[in-house]
Amino acid sequence: MSVRVALIGCGVMGADHARILAEDVSGAVLQVICDADQERARQVAEHCDTKDLSDDAEGVIFRKDVDAVMIASPDDTHVPLILAALSAGKPVLCEKPLSQDSMECLRVVEAETGLGRRLVTVGYMRRFDLPYARMKLALEDGSLGRAVMMHNFHRNVHAPPSFTGQMAITNSAPHEFDVVRFVLGTEFSAVSVFQAKCGVSGPTGAPVVMILETYEGQLVTVEVNVNAVYGYDVRAELVGEKGSMSMNVPSPVALNRDLTSLERFPADWRPRFHEAYRLQNKDWINSVLTGSPSKIGASAWDGYCASAVAEASVQSLSENRKIKIRLAEMPKLYRI
Amino acid sequence: MSVRVALIGCGVMGADHARILAEDVSGAVLQVICDADQERARQVAEHCDTKDLSDDAEGVIFRKDVDAVMIASPDDTHVPLILAALSAGKPVLCEKPLSQDSMECLRVVEAETGLGRRLVTVGYMRRFDLPYARMKLALEDGSLGRAVMMHNFHRNVHAPPSFTGQMAITNSAPHEFDVVRFVLGTEFSAVSVFQAKCGVSGPTGAPVVMILETYEGQLVTVEVNVNAVYGYDVRAELVGEKGSMSMNVPSPVALNRDLTSLERFPADWRPRFHEAYRLQNKDWINSVLTGSPSKIGASAWDGYCASAVAEASVQSLSENRKIKIRLAEMPKLYRI
Amino acid sequence: MSVRVALIGCGVMGADHARILAEDVSGAVLQVICDADQERARQVAEHCDTKDLSDDAEGVIFRKDVDAVMIASPDDTHVPLILAALSAGKPVLCEKPLSQDSMECLRVVEAETGLGRRLVTVGYMRRFDLPYARMKLALEDGSLGRAVMMHNFHRNVHAPPSFTGQMAITNSAPHEFDVVRFVLGTEFSAVSVFQAKCGVSGPTGAPVVMILETYEGQLVTVEVNVNAVYGYDVRAELVGEKGSMSMNVPSPVALNRDLTSLERFPADWRPRFHEAYRLQNKDWINSVLTGSPSKIGASAWDGYCASAVAEASVQSLSENRKIKIRLAEMPKLYRI
Amino acid sequence: MSVRVALIGCGVMGADHARILAEDVSGAVLQVICDADQERARQVAEHCDTKDLSDDAEGVIFRKDVDAVMIASPDDTHVPLILAALSAGKPVLCEKPLSQDSMECLRVVEAETGLGRRLVTVGYMRRFDLPYARMKLALEDGSLGRAVMMHNFHRNVHAPPSFTGQMAITNSAPHEFDVVRFVLGTEFSAVSVFQAKCGVSGPTGAPVVMILETYEGQLVTVEVNVNAVYGYDVRAELVGEKGSMSMNVPSPVALNRDLTSLERFPADWRPRFHEAYRLQNKDWINSVLTGSPSKIGASAWDGYCASAVAEASVQSLSENRKIKIRLAEMPKLYRI
């Protein structure tokens, strides 16, 4: 028994998702591959041994030989395509963000609530990354006591010159917001954003440091440095009442040469989170097969929360003051 | 297009292989599951959503709806089952060792040579472990210069009281022999074995230290300590002309508690080599689909070599002197 | 040629300083040991092979057989004793803080400025800690580019129940303020302080997180968690335009036991900064011998700055808003 | 009360020892500095603020204003100068080796035994290195159980082309022999030596691997690689019945740059063992002051043992077989 998947969008992430389904998880068939750019679709299809191509995203969603939909097309197509999948009654895994506009996110939440069952998963894949899972477990099994703080560092090698601090908040920080919510199991109540005025790319692309407060009284720091130059480096430390847990930078070997011992950083997020993506997609295929929503993956509600926190953070940056975060009321559908 | 696999043997490793094929690689179907113990077979089959059970190992090999055979049954069944698969002309992945008796291994080599094509893969999965792959790469890309030494440490938590140094050599050390041959790309010329006379389990289960010499003049040390108590710990360091590369003990997080920072060891080899097993099985399924032997996996010849080195090592231990290693001549079939 | 030192104050730090002078640096003689508690003075003197005891702190400062003064008495005695040493024209090394009251600090600055030469060193010993020295060097030699951020973590095992966030700022954070100023070579322009509302000791002793901005546009975070429970742990990371440098938690060995690999934290700051204290005292004795102020040690001006930043931080905590930091004008005497 | 020291030999080590006594330990006065090369002596003296120079090594030993003798002159002068110090009844700290000739070492042992009190310390400074001290402690406090194995790695950046495997054994390996004896508290019973036939410097300078057996049945491996190229790197792991303890390569910081995280190796042994030398010299000065031999430092007997094991190892290398190690009987004077 296999899940017949329509993949919509064949950019970097779409191609990666296709490869994972074609090689690294059981139970999925890439039924049709869809992209406005047919040449791009053809290349991915060839690599994945799929024949069926399309450039009609809505069309493939409604095809009878399609069981589930994977969306990796541009951000502004996410909400309309998800709404289409919901009206077709089909499970959908959509790349993050659900939408940068939290009101748009709420439209998805409302549609799903109206349907009365959860079909949407947002691709916040870090929930499947082992270090974060261990942190969550350390809170659940009591080995850290209750959480007190969490420190998060998000560093990319380079961003384009036009990439602003605001874009760092709307594009990169939601990963942090989501995984902190996942690990801590609580919501943010306020955010204060600071931006450096220096750095290799000047003030525009200078790093952003956020301090978030939660309803449990915890402090969370998030640094987003999209011009860190030295490597793609994501790290976190969870501080609890009994101790702390920190993520190790994973490197399989150390090379000793030229009076140094060195370990390599990845150049971008894909090698770092390769296994998290695989586990996310495996979990999703399994949830489609069993017909019950994932216990780990991000829901539409989670997607809304991440975007709402990003909006408050953008406001804090532009107004240079602490912003209280006010979320809509969570529908019952999302209570676990 | 899927490979229909007959799994023979449902012990710990057989169950793991079944789960990997059922969940973590694409392209395989567990067509039939075979074990003398039908209850054990049934449990594995249920978990993997397979219906077809059997207790006739030779029978399933010759079934028309079976494309390839995976052998995880007791060691002494390996050779006869492989010979059956060869006579059926079907690819086979067999758990290590090929046989503890190098003469038996040669029977497989001869049968395969007679057939004129390579169908046998031996499950020395460490070849797919990332740290070893990086070491091999560091020799190939010149970043370490040529290899000079390799140090290898193999530690289990506990072995049964009856587990002798000789058994450590025949059961555990072949993993080391094979992966060193794989990384260095050369053969051993001599081995000298030493055994401690102390340890938690007394002289019988005391650790063994081997010094192997290669035809290139390299020195290789192998420690096998099956009663290391503190954890399952496999490590290696490759020393080259320009530097060295050492395997990091992989741990996703560090837990800081009670005046210590601690990282966990696995209790046995399965979590440590989980991804290596997955990549091995993926590579094997792919080689079956493409009809060409794996470039990474261990061949029947490799299986023979590991067992021959183990035999020389046992002789060195019992005669307390250096033993020259004399291999049969490698058939052309195995030259790359 | 030896420096005859009067030690004033025989508490924990005084006893440590005495031991360092008596054992671990050349060139110093403990001429007289002074404490209001004569029994305590006697114990330290005995350990250090000194005969001369006193309970008259001002008196020993003016003794002819005393070349230099080391002050480790209670915080509120620092300024009057330093002023006495200045009026005696004698070099003085005083434990931190110079005073918690920045106006008091300025009195020392003015007295020293009036004297026209620098005689005061404040015991901010972290300037002599190797990791911080390497960070400073990495900015000077260009290997990191210019500084962009610095993250600092200060964690103690336990504080008394009455120890508040404000006390964390006035007692612990000045170490961070001083060493960041030392590494970055710039001044802070503003500070925003946040306190968690949870933790093992309740809201009173909950951790404090500060975000400081510098005149160069850098962001500096300082976490002070005096109830971290798991160990004494001070860490820092300096982020520059070309990369980052992070402090390793120093541990000489790893112990592998019980399925874990563990490294020990110290229980307090003294083992962690043992060598920094030794190097500080060595540097101070050397500066007395050569008659020129230390190039590394903290001056009275540095002592003032640390206290002034702490005062602004306390204000930020109590008023829950960003506070601009306004320093007095630096006298020429302190320009290097 | 100060120890007036005559320093004999102003090469690299002599200059280091002079600097340590002049700066980093209390209680010593460099009374006279002696070297055949007066210019070299003058430079060291100037740096250490000493006036008195000499080129008469035996003469300074017998001077009345000299309390103790520190010998850092060429190896072949060690025994005659020590014998002179013994006849003068003065404590002596002599650089390693006592002598490369174990028979010569025994002459010192006999002279000291005849004197009836221990005056000789051999500069095997690793006994004062913190990681080795922790290993010894872990055996004493039971946290590792009894020792089963010890693995030792000794790597230099480069040796001269003429530096042979035999020289690696006589010059470098005695450090390993001594510190293993110190940690384990037992004697070696046999040694088997292997040399690689390849490496950056060809077979002559190829690495040597030794397997030593102890009277307690333990196995000890020692690798000496004097052309390791990548850095000065000394490491050890002690394996006990309950677990293992491994030495961390000490680095105060990690530098993240250019897609790598890197830590620096020292270029030679002096930065690595800087603190061990200081503690050794401090311990020696203290033992002179108290008139009782050090409980940690290596005795003349220890110096003999290290040289005797080196001789057996050279024989094993040249005869290509295991050599039993036969020590003289230990005089009562050295029993603790």
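By letter and in written order, the chains are A, B, C and D; residue numbering begins at 1 in each of them.
One rule holds for everything that comes next: a contact is a pair of C-beta atoms (placed from the backbone, for glycine too) under 8 Å apart; a residue touches a chain by one contact, two chains touch by 3 or more.
Since the model is a prediction, treat every value here as computed from it, not as a measurement.
Trainee: So which has more C-beta pairs touching, A-D or A-B?
Mentor: A-B
Trainee: Just grab the chain with the largest centre-to-centre distance to subunit D, centres being mean Cα coordinates.
Mentor: Chain A.
Trainee: CA centre of subunit A versus CA centre of subunit B: separation in Å?
Mentor: Chain centres of subunit A and subunit B, defined by C-alpha means, are spaced 37 Å apart.
Trainee: Between subunit A and subunit D, what distance separates the C-alpha centroids? Give it in angstrom.
Mentor: A distance of 57 Å separates the two centres.
Trainee: Any chance you could list the residues of subunit A touching two or more other chains?
Mentor: Only 229-230, 242-244, 251, 256-258, 263 qualify.
Trainee: Give the list of subunit B residues in touch with subunit C in this complex.
Mentor: So the residues of subunit B touching subunit C come out as 157, 229-231, 233, 249, 251, 256-267.
Trainee: Subunit A touches which residues of subunit C in the complex?
Mentor: Going through subunit C, the ones touching subunit A are 145-146, 148-149, 151, 192, 194-200, 203, 206-207, 209, 211, 213, 216-219, 221, 223, 225, 228-230, 239, 241-244.
Trainee: Along subunit B, where are the residues that touch subunit A in the complex?
Mentor: 1, 21-28, 49, 130-131, 134-135, 138, 143-144, 242-248, 250-258, 263, 275, 282
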